[in-house]
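Going by the order they are written in, the chains are A, B, C, D, E, F, G and H; count residues from 1 in each one.
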Amino acid sequence: MRLCGLWEEVELPMMNQEHDDIFEIGGKKLTSRLFTGTGKYSSDALIPDVLVKSGAQVITVALRRVDFDADTDNVMKHIPKHVILLPNTSGARTADEAVRIARLARAAGCGNWIKIEVISDSTYLLPDGYETAKATEILAKEGFVVFPYINPDLMVARSLVNAGASAVMPLGSPIGSNRGLRTREMIRILIDEISLPIIVDAGIGRPSQACEAMEMGAAACLVNTAISSAGDPVTMAMAFGEAVKAGRRAYLAGPGVVNEKASASSPLTGFLK
Amino acid sequence: MRLCGLWEEVELPMMNQEHDDIFEIGGKKLTSRLFTGTGKYSSDALIPDVLVKSGAQVITVALRRVDFDADTDNVMKHIPKHVILLPNTSGARTADEAVRIARLARAAGCGNWIKIEVISDSTYLLPDGYETAKATEILAKEGFVVFPYINPDLMVARSLVNAGASAVMPLGSPIGSNRGLRTREMIRILIDEISLPIIVDAGIGRPSQACEAMEMGAAACLVNTAISSAGDPVTMAMAFGEAVKAGRRAYLAGPGVVNEKASASSPLTGFLK
Amino acid sequence: MRLCGLWEEVELPMMNQEHDDIFEIGGKKLTSRLFTGTGKYSSDALIPDVLVKSGAQVITVALRRVDFDADTDNVMKHIPKHVILLPNTSGARTADEAVRIARLARAAGCGNWIKIEVISDSTYLLPDGYETAKATEILAKEGFVVFPYINPDLMVARSLVNAGASAVMPLGSPIGSNRGLRTREMIRILIDEISLPIIVDAGIGRPSQACEAMEMGAAACLVNTAISSAGDPVTMAMAFGEAVKAGRRAYLAGPGVVNEKASASSPLTGFLK
Amino acid sequence: MRLCGLWEEVELPMMNQEHDDIFEIGGKKLTSRLFTGTGKYSSDALIPDVLVKSGAQVITVALRRVDFDADTDNVMKHIPKHVILLPNTSGARTADEAVRIARLARAAGCGNWIKIEVISDSTYLLPDGYETAKATEILAKEGFVVFPYINPDLMVARSLVNAGASAVMPLGSPIGSNRGLRTREMIRILIDEISLPIIVDAGIGRPSQACEAMEMGAAACLVNTAISSAGDPVTMAMAFGEAVKAGRRAYLAGPGVVNEKASASSPLTGFLK
Amino acid sequence: MEIQVNGQMEHVDDGLTLSDYLKHKKLESEAVVVELNLAIIPKENYPTCNLNDKDILEIVRFVGGG
Amino acid sequence: MEIQVNGQMEHVDDGLTLSDYLKHKKLESEAVVVELNLAIIPKENYPTCNLNDKDILEIVRFVGGG
Amino acid sequence: MEIQVNGQMEHVDDGLTLSDYLKHKKLESEAVVVELNLAIIPKENYPTCNLNDKDILEIVRFVGGG
Amino acid sequence: MEIQVNGQMEHVDDGLTLSDYLKHKKLESEAVVVELNLAIIPKENYPTCNLNDKDILEIVRFVGGG
C-alpha cells in the first residue's frame, strides 16, 4: 500500500545477519532491538541511512492534519518498505483521542501497530497512565498491536498486561531530554515483575544508556531525539545499533560479579617469588 | 619468533573492516579500540574466539617464573600471530622491579610494548604513581612503548607525558572489581588536560561502562576480568567490541544537548488543532 | 482522649526552638519537617526517645485486628500526647478498604489525619495510584486531612490535587529498602509542578538522603525503617532530625552554583607575586 | 598574640554542647567536625556569624604579600580568639615554596597547624601529591601539625602517614566547583585503609554531600566555597554544621541494611485477616 | 448465642452488651475501635449496645506501622 | 456549498465527490486518511463518496514523530 | 638607600630600623610577618633590626583563603 | 656443581651449557627467557653459555595476565 514505506533501494542492514536472538512481537520476528523515530530531523532524507546504519526495523511516525498552506515533504518517501511502521498517538490528551488517532492510523493501511501516547503535561510531556490503560484495552480488543508509553509504574504496567498490551514502554527520562535512565530503579522492577517485553522509550541520550538498559534485561529501546539531534545523526544511529546489540549480548552472556575490593587479573604470586 | 602469538588459523575479525578511524599508537595502526587480556580464563582455549569476536588487536600477558612442578599450558599457543602483545609488569612493587620485568619481556622477542604496573597494595591493588613514573622514564629512554597504569591523577599523568609514555592508563575502579567508571570525574579531567591517548584500564565491568568511557573521549579501553569472568566469555567479548565501537562512534558523531525539561519529538500542535 | 498519645513526661524536643520556618499543614503549625513511624522497633519503649531526639511532631501507626491470643504491648503508651498521629491504611488493596480503615482510625478519636496506602504488590510494596486517588477524593470530602502515598507520577499527583489531598507523598525507593532517592528525577518534577507540599516517604535509608530531598525543595520527609533498623535507633533519629533541618536550611539559603572547572577559594595571585 | 583571632564577643556555638564524641587532633579536642574557610566572602563581616552558627572551631586562611596600594580589611578582625587557625600554603607550586609559606605562617604566632596545598594546575587546581608528601615530611619534622590536601590516592596517603601528617585531606571534586563527592570511591578506600583521620576537603557543594562523607566514616569536612557562595552564607553555614553532625551521628549509630526488595514497615497481615 | 469476632465464631451468653463483652475480654474500650455488622459504634454507645445472635464484630487497635 | 475541512470553512461546488475534492487539492488519496463527519472513509469509497453541505472533513497524513 | 620590598625597589632613609619602616608604612607589627633577605625576623627584634642598602624585604599577612 | 634455579638450589653435572640444562628440564628455549646472574642471556647464546658452580638462574615465561 503506497502510503507506507515508499523508499525503494535499500541494502539489507549490515548488523542483522544473525538469527540466533529473535525478538518476536506482534507477529513479527525482529533481529534488531533498536526502534527509532522520524521526529526532528534537519532533513528527512537522512532517515534511510539512519535505518540502514542502525539496523532498526521499527520506526515511529505521528499523524497530523494536512496543512494546505505548507507544502511539506512526505516523510513516508524516506521509509524503506520492509521497515515496520509504529504510528504514535501524540497529540492525544485522553483515551478517546488516542483511540480516534489509532483508528485513523490503521486506516492508512500500514499495519495495526500503535504506540499509545496520552499526554496533557506540556512541560515534561509525562504520560497519563490511567488514560493510556483505557485506550490500550479498547484498541487491543480491536486487534491492534499496542505499545503503551508510560511513566514506569508497576501497577499501571500490570493493568496494561490485563488490557492486552503487546509490550510496556516506560520512559527513562522526559521525552527529548537526553537525560538517560533516570528511572533505572523502576525500570529494573518492571523487568523483574512484568511478563511482557519492556521497551525503554524516551530520554535515552547516549548509546551507553541504551546499552545499560539492555544489560538490565530490557527487550528493546526506542531512540529518536538522541539520533536526530546528534551532530552526525547517521553515525549516531550506527552507534545506537551497536550499543543495543552489545547490551543485549551482555545480558545473554551474563556479567561477572561485582566486588567491593580488587581481584587480581594477573597471578598474585610476586614476579620472582 | 615462536614465543609470540602461536595460534595460526585466524579469520580477520569481523568488526575491523572500517579504516576511517585509525588509532595510531606505538608505530601501529589499530582499527579496534578494545584492548583485552589473558587473565583468569577457565580455559585459555577461549582466547582465540575472544579475540576474533571482540576484534581486539592488543592483548596483555604477565611474566612469571617457570614452575617445574606444574606442567602448565602455554598461553602463547592461543594468541594469534597478528595480535600485538602487551606484557605487563605485574608483581613489581618498585620502579626497579618493573624495569627488570620489562627488559625480560622484551628479551622474549615479541616487541617492545610494555604495560607498567607497580603495585604494593594487596587489598585494592592500587598503583604507585611515583614509582610508575620513574619506571616509565627509564623504559621510554630504552625505546619501549610504555603504557603506564595509574590512579587517575592529573599531576602523575603530566609527569608521564614528560617521562615519554605513549599513553596514560587510568583505572575506572579497582582491578577485577567490575565496579565500572567510579573515577569518572578524574578521567574526564585527564581526557580534557592530557595530550596523550587516555586508555581506561581496570574496573570496567559491563559494555555500557566501556561505551561511556569512549563517549567521554577515551582513546581505548582495556577489559579483561569482565570478559573472562562472564558466564559466556566469547559472547561478552563480542559485546565489548561492539560497545567500544558504539561509544567511539557516538564521541565522533557528537551527542545532542541534555535538557532539564522535555522537548517534543512529535509536532507539538495537538492532533486536530 | 486516652487512646491517643498516652506517654506523659516529655521534655520539649531540643531542636524545635526556632519558629522562623513553620510548616503549616492540616491546620497544624509544625516546626519539624521530619515525620516518623512506629514500625519494626525491637522495643516500642524506644519511641519516646526517638521522638524527643529527632524532634519529630508527626508519627504514623497502623490499624489491625486485636489478637486475643497474643497479649501485645499497646504502642500508644509510648507516644507523647503532643505528637500528631498519622494512621496509615496499610493492608488495604483497594480504595474501599482504605476508606474503611480511615473511618475506623478516625473513630479512635485521635484526629482526622490519614496516610493512604493502597498496595497489592507484595514484592516491592508499590502503591496503586488510581485506587489511592479514589480513596483520597472520598476521604477529603469527609473532612480528613489526606496524605496519599504514591509512586512519583505527575499525572497521579495532579489527580490528588484535584481530589483534595493535603500533601503528596512520593516514594524514594521501595518501602523499607533503605535504597534512598532512586526516584530523584520524578520527585524533582513533582516539586517543580505540584502546588501541594511534597513529602518524601519510603526508601530513605540515610540522613544524607533525607537532607538531599529537603535541599531539592521537599516540604518534609517520613522516615521509619532507617531509624528503627539502625544499630542505635535513638541516635539515628537525632541524625535524621538534624539532616532534615540542614537540608531545609540549605534550600532556604540557596546553594552556590556548580562549576565544571575549579574556582579558587584562596587568592589566585601566587604567594610572592 | 594579637595577629590571631581578634574578634571578642562570641557566644559559645549552640551545637557544641555535647562532649560524647570528641575529635582529638593536633593536641586539640574538637567538638565540631566541620572545618571552614575565609575565602570569597562578599563581606568578611559575615565570618563571626558563620562560625557561631556552624559551630566550626577550625578555620583556614591564606598568606599573601601586603599590598600597600590597596587598604584591604584585616580578615583576622573577624576571627574569634577561641577558633583554631589553619593557614594554607596556597600559591605554592613546589614543596620548597610550601615549606617557606608554612614557616612564615607559624612566625605569625597563631599556632603550628598548616594545610599543605601544592598546586601547579590552574584549570582544575589539582594538587601535586609527590611535592605535598615532601613538604609534609619536612614540616612534620619541624613540629608542625600537618594537614596535606591531596587527590585521593592510596599510595600518596600512605606516604603521608610515613611523612608524619596528622590527617589526610582528599578532595571530593575540584576546589570551589561545588560538584560534591565525585571521588567517593577512592575516599571510601582511604577511610578503609588509612589509619589517619580522613578530612574531605574541596568540592563539597551541599550539606547532604558533607553528611554522606561523614556517614562513610570521614573524620571531618572542610567547607568554604559552598558557604561563602551561598545566597545566605550564615544560614548555609548552620546547615553544614547540622549536616556534618547528622552524618557523624549516623556513622556512629550504624545504618540499617540496604535491601533490593521492599520490607514492610507495617505488619504484613492484611488489615482484616 | 453465636457471634463472629475478628473472623472467629464464638459462643457468648445472651443479652450481652458490647461493654460487657469487652470487659469479659479484658479490653479497655478506650484502646479499641469496634465495627458491628460493618457499622462503627461510637464509644459512648458501648454500654447500651446489645449484641445479638449472628452479629459480626470487628475489634481493632493501633499497632506499630510506617 | 459550505464544508468544513481541517477546521476551516470552505466553499466548494455542489455534487463534488471526495476524490474530486482531493484532486482539486492536489492530494494523492494514497497519501492521506479522511474522516467524514467522524467516520473514517475507506480509500476505495473516495470516488463514490459525495460531499454535502455542512460536511465536516478531517484530512490527515503521517508526519515525523518519535 | 635602596631596599626591595615585596618585589618593588624603594628609596628609604639610611639607618632605618624595621620598626621605623613599618611605622612609616602605617603597618602594625602584630599584623604582619617579615622576611629579611630570606630570614624570618622575630617580632621582638623589629626595633633593633637595622635595614641596609640592597636589603630584600617580604612583608606578608593573612588574607581570606580556603 | 650447585646452581640456584628460580630460587631453589639444585645439583647438576659440571660443564653443562644453558641449552643442555633447558633440554634436561624439557623446556623449549623459544618458550622461555633466561637471566643468568642478573644478566639476560640472548637465545642465540644458550648453546655456548656454560653454567658454573653457584650460578643463579631465573627462567621465566609468559602466563595469562590482565
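Here is the rule we use: a contact is a pair of C-beta atoms (placed from the backbone, for glycine too) under 8 Å apart; a residue touches a chain by one contact, two chains touch by 3 or more.
All values derive from a computational prediction rather than experimental measurement.
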Exercise. Please give the intersection of the contact partners of subunit B with those of subunit E.
Key: D
Quiz item: Which is the least count of steps on a path of touching chains running from subunit D to subunit F?
Solution: 2
Self-check item: Farthest-lying chain, centroid of Cα atoms versus that of subunit D
Solution: F
Exercise. Using mean C-alpha positions as chain centres, tell me how far subunit F is from subunit G in Å, no decimals.
Key: 95
Exercise. Please compute the C-alpha centroid of subunit D, do the same for subunit E, then give the distance between them in whole Å.
Key: 63
Quiz item: For subunit B and subunit C, what's the span in angstrom between their mean Cα positions?
Solution: 48
Practice problem: Could you tell me which residues belong to subunit F and also touch two or more other chains? | Solution: 7, 58, 60, 63-66
Self-check item: Contacts with 2+ other chains: residues of subunit C
Solution: 37, 39-40, 62-65, 88, 90, 123-124, 126, 174-176, 179, 224-225, 264-267, 272
Quiz item: Of all possible chain pairs, which ones touch?
Solution: A-B, A-C, A-F, A-H, B-D, B-F, B-H, C-D, C-E, C-G, D-E, D-G
Quiz item: What residues on subunit D touch subunit E, complex-wise?
Solution: 264-267, 271-273
Exercise. Please give the residue numbers of subunit E that touch subunit C in the complex, ascending.
Key: 6-7, 25, 27-28, 30-33, 35, 40, 42-43, 58-66
Exercise. Using the touch rule from the top, collect the residues of subunit H that touch subunit A in their complex.
Key: 7, 58, 63-66
Exercise. Name, in rising order, each residue of subunit D that touches subunit B in their complex.
Key: 120-121, 123-124, 126-130, 151, 153-156, 158, 173-174, 179, 182-186, 189, 192-193
Quiz item: Which residues, counting only subunit A, touch subunit B once they are in their complex?
Solution: 37, 39-40, 62-65, 88-93, 97, 101, 117, 122-126, 174-179, 205-209, 211-212, 215, 224-226, 228-233, 235-236, 238-243, 245-247, 249-250, 252-272
